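Let me begin by presenting the structure, written as structure tokens, before commenting on it.
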Amino acid sequence: MYQKLKEKVLKANLLLPKYNLITFTWGNVSEIDRKRKVIAIKPSGVEYENMQIDDVVVCDLQGNVIEGNLKPSSDLMTHIELYKHFENINGIVHTHSRWATVFAQAGFNIPVYGTTQADYFFGDIPCTRLMSKKEINENYEKETGKVIVETFRERKLSPDNISGVLVHSHGPFVWGIDCMDAVYKAVVMEECAQMAYATITLNRDVANIQEELLDKHFKRKHGPNAYYGQK
Amino acid sequence: MYQKLKEKVLKANLLLPKYNLITFTWGNVSEIDRKRKVIAIKPSGVEYENMQIDDVVVCDLQGNVIEGNLKPSSDLMTHIELYKHFENINGIVHTHSRWATVFAQAGFNIPVYGTTQADYFFGDIPCTRLMSKKEINENYEKETGKVIVETFRERKLSPDNISGVLVHSHGPFVWGIDCMDAVYKAVVMEECAQMAYATITLNRDVANIQEELLDKHFKRKHGPNAYYGQK
Amino acid sequence: MYQKLKEKVLKANLLLPKYNLITFTWGNVSEIDRKRKVIAIKPSGVEYENMQIDDVVVCDLQGNVIEGNLKPSSDLMTHIELYKHFENINGIVHTHSRWATVFAQAGFNIPVYGTTQADYFFGDIPCTRLMSKKEINENYEKETGKVIVETFRERKLSPDNISGVLVHSHGPFVWGIDCMDAVYKAVVMEECAQMAYATITLNRDVANIQEELLDKHFKRKHGPNAYYGQK
Amino acid sequence: MYQKLKEKVLKANLLLPKYNLITFTWGNVSEIDRKRKVIAIKPSGVEYENMQIDDVVVCDLQGNVIEGNLKPSSDLMTHIELYKHFENINGIVHTHSRWATVFAQAGFNIPVYGTTQADYFFGDIPCTRLMSKKEINENYEKETGKVIVETFRERKLSPDNISGVLVHSHGPFVWGIDCMDAVYKAVVMEECAQMAYATITLNRDVANIQEELLDKHFKRKHGPNAYYGQK
């Protein structure tokens, strides 16, 4: 019944090892079908190299499994929280990819230093605040989603223009218009994080990209005046 | 007679080059069969790409070869010392993997900065003290084991929760419930070491992960309340 | 009609992923046929792994497409500006290769610290000034070319001896006697950038290579007294 | 007539790309047959992937070609100088491998921080002084060899215990009992250089390995009391 959705989510999950974004089973991809109100997501703790289409788990928006024999990713409730509040996104990727995680561990945003990041992210990629003891101990995964939503709301960021976040001391969540788009942006974020690390350690006085160049590059690829690519 | 044990140890050794943990012949994996009181271990100085099952050496707990035509790894006596004192471990890996070795050379613990390490190691991965001239010159490999055991005893660490150590100026030893588990944790340690290196050089003021988040993540995967994976 | 030129440009573009200079569709290679006054260039936003010979776009020197069904790279006008002013170059590569881009983001030249760079670049690889708001907002790609040309003119650099540049906050443009030569030098620049990064972060007091050694190495490979290779 | 020697030298040269020690044609391997007073060496500027056995050049100890149609490596006279003064070595490798070259560019020795280096190099790997203008302009390649020999003589180092050197602002030369041994040590030096870079940038106060541990590890693998491996 959800064969196409599951196929797509399987395919997106298998891109994570291809792009060197994961070690072992760390990380997961999901996609939501907003009409049918279901989410397909990677099963918890299953090796990518052996994953089959029927391992993909389909859940409702409360997190109940409605198709599949395996348990869904333990991060499911974080995904659900994001889908609820960020209404234009339909795919989410979570990984512990090396360089994005380094910024999450350092508690730093990934600053936008160049056009590579500006082409896809309309500014710095934010790092959340530390979670409280209560948030960690009660409904941890759901609270993780809530602190992400809070980060965007309080800093007046749009999840449509900044398609990802670093959870403090943890790692990146990245999203997009579908799960393939989310994986694409996860690759971009990882590359930008590595370059930002090297930029900072090379030049501690480096400044962010100029506003007008950020604007130019983001809008070359997004919105009504985009002129990059074949469309 | 020890065919299955040797097969497993061979397989675990061959994972070291697969996971880029070794250069040439550096490193070794062993597993103990506590009932039969024997240890199977990599032969000394043999190239991984040519290793055969009958090259694996089986020894008793005094280090005498009881099956095999080759000499065991020169680090055998370190393994034996660890098996004697850490009674729940049955597999050990030693490598000179790059980033763990960098911390060993710097004489630093690998601090726990994020959930990646917290998922597998319940705190910092300790670096031993320098060995004395006497320890180096007499029974060096056995003394290496003793200084590891001392490190855990004196710092009140549990080898069941912190499954590895850095030997100062040398490199990592990692263990687990069997040799495959030890290799798995050696991969995790190496990834955590690289991320910790970058985290520190990015943010010299970085703090360790919060106690409650360390606790949450370690126990999500270990102990009676674990809920990660399919069990 | 332009089959050979298109074949060569396709081949040069496909070298970019081979040499790990690009992620996804980032980057482009062109070659000019100065007699026929045409430029063949990568199409905009097309994946390298699916690129076919007929995807290569042939343009005139005003940027009008004269052969091909796809839109040319959005950076075409930068290429044209360089071909107009640097009369001995016939091939250009633009990438966001990691280490060259790090220097572009830091706003630093790539200093010539060793013979590796001296063998191919007769000095530091310059980083341009920031572009003005007006330059960014009007004819951005053409203005990018103009700021590169200005950089060489004002710093009295020869594009024949220094075959590349970093566009500030953006990334490298590299050129050569044809497009294959340009790709070759893009690989060299990337390797030199990575080594320069590590050299600086290792030794903040490092000095540039001695003038006479720079001279020796560049002229061992270039000009009438070259004696490297089989010619 | 020199078929076996040429085969061995070809094989050793082809290991350089296998071990990621070279880019394009950078680097060369030679071996001397001291009885027949000939040296086989890589031809100048030839791509590794197309190299054939008859491309290997055989020269006498004055540098005259005595077999082969190609020009020998431009670094031949450096090799000859080393063979003349370091009488126990029979194979030499020169590369611009990334991390060793970084130390050469920084003008730093590679300090011995751990047992990985101590297993193969009995101390720091020295970096030569800067060459004089005269040395660079007259017989440059021969003078490069002379400054290496001077480094070992003045610092009272033995080329039998320290099998390599960094030429300032240039890169590493590594040697061994034959060309295969030299390639092996070139791989070790590169790995040690990368780890030393990270060790220093992690801990600026790091100390060299203890004398007794250096001694222990080097002699575990070298000399009459060696006990590593199967001999």
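As written, the chains take the letters A, B, C and D, and residue 1 is the first residue of each chain.
Here is the rule we go by: contacts are C-beta pairs under 8 Å (C-beta built on N, C-alpha and C of every residue); 3 or more make two chains touch, one makes a residue touch a chain.
The structure displayed is predicted, hence computed values, not measured ones.
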Chain hops separating subunit D from subunit A, counting only touching neighbours: 2
Partner chains shared by subunit A and subunit B (touch criterion as defined above): none
Furthest chain, CA centroid comparison against subunit C: B
Fraction-based call for subunit D against subunit C, same above half, different below: different
Superposing rotation of subunit A relative to subunit C, computed on C-alpha atoms, to nearest 5°: 90
Interchain centroid distance [CA atoms averaged], subunit B/subunit D, Å: 33
Whole-Å gap between the CA centroids of subunit B and subunit C: 47
Numbers and ranges of subunit B residues touching at least 2 other chains: 201
In contact (per the touch rule at the top): chain pairs: A-B, A-C, B-D, C-D
Sites on subunit B touched by subunit A in the complex: 113-116, 184, 187-188, 191, 194-196, 198-199, 201-203, 206, 209-210, 212-213, 216, 220, 227-230
Touching residues on subunit A, where the partner in the complex is subunit B: 23-24, 26, 43-46, 70-71, 74, 96, 98-99, 101-108, 130-131, 133, 136-137, 140, 169-171, 197, 200-201
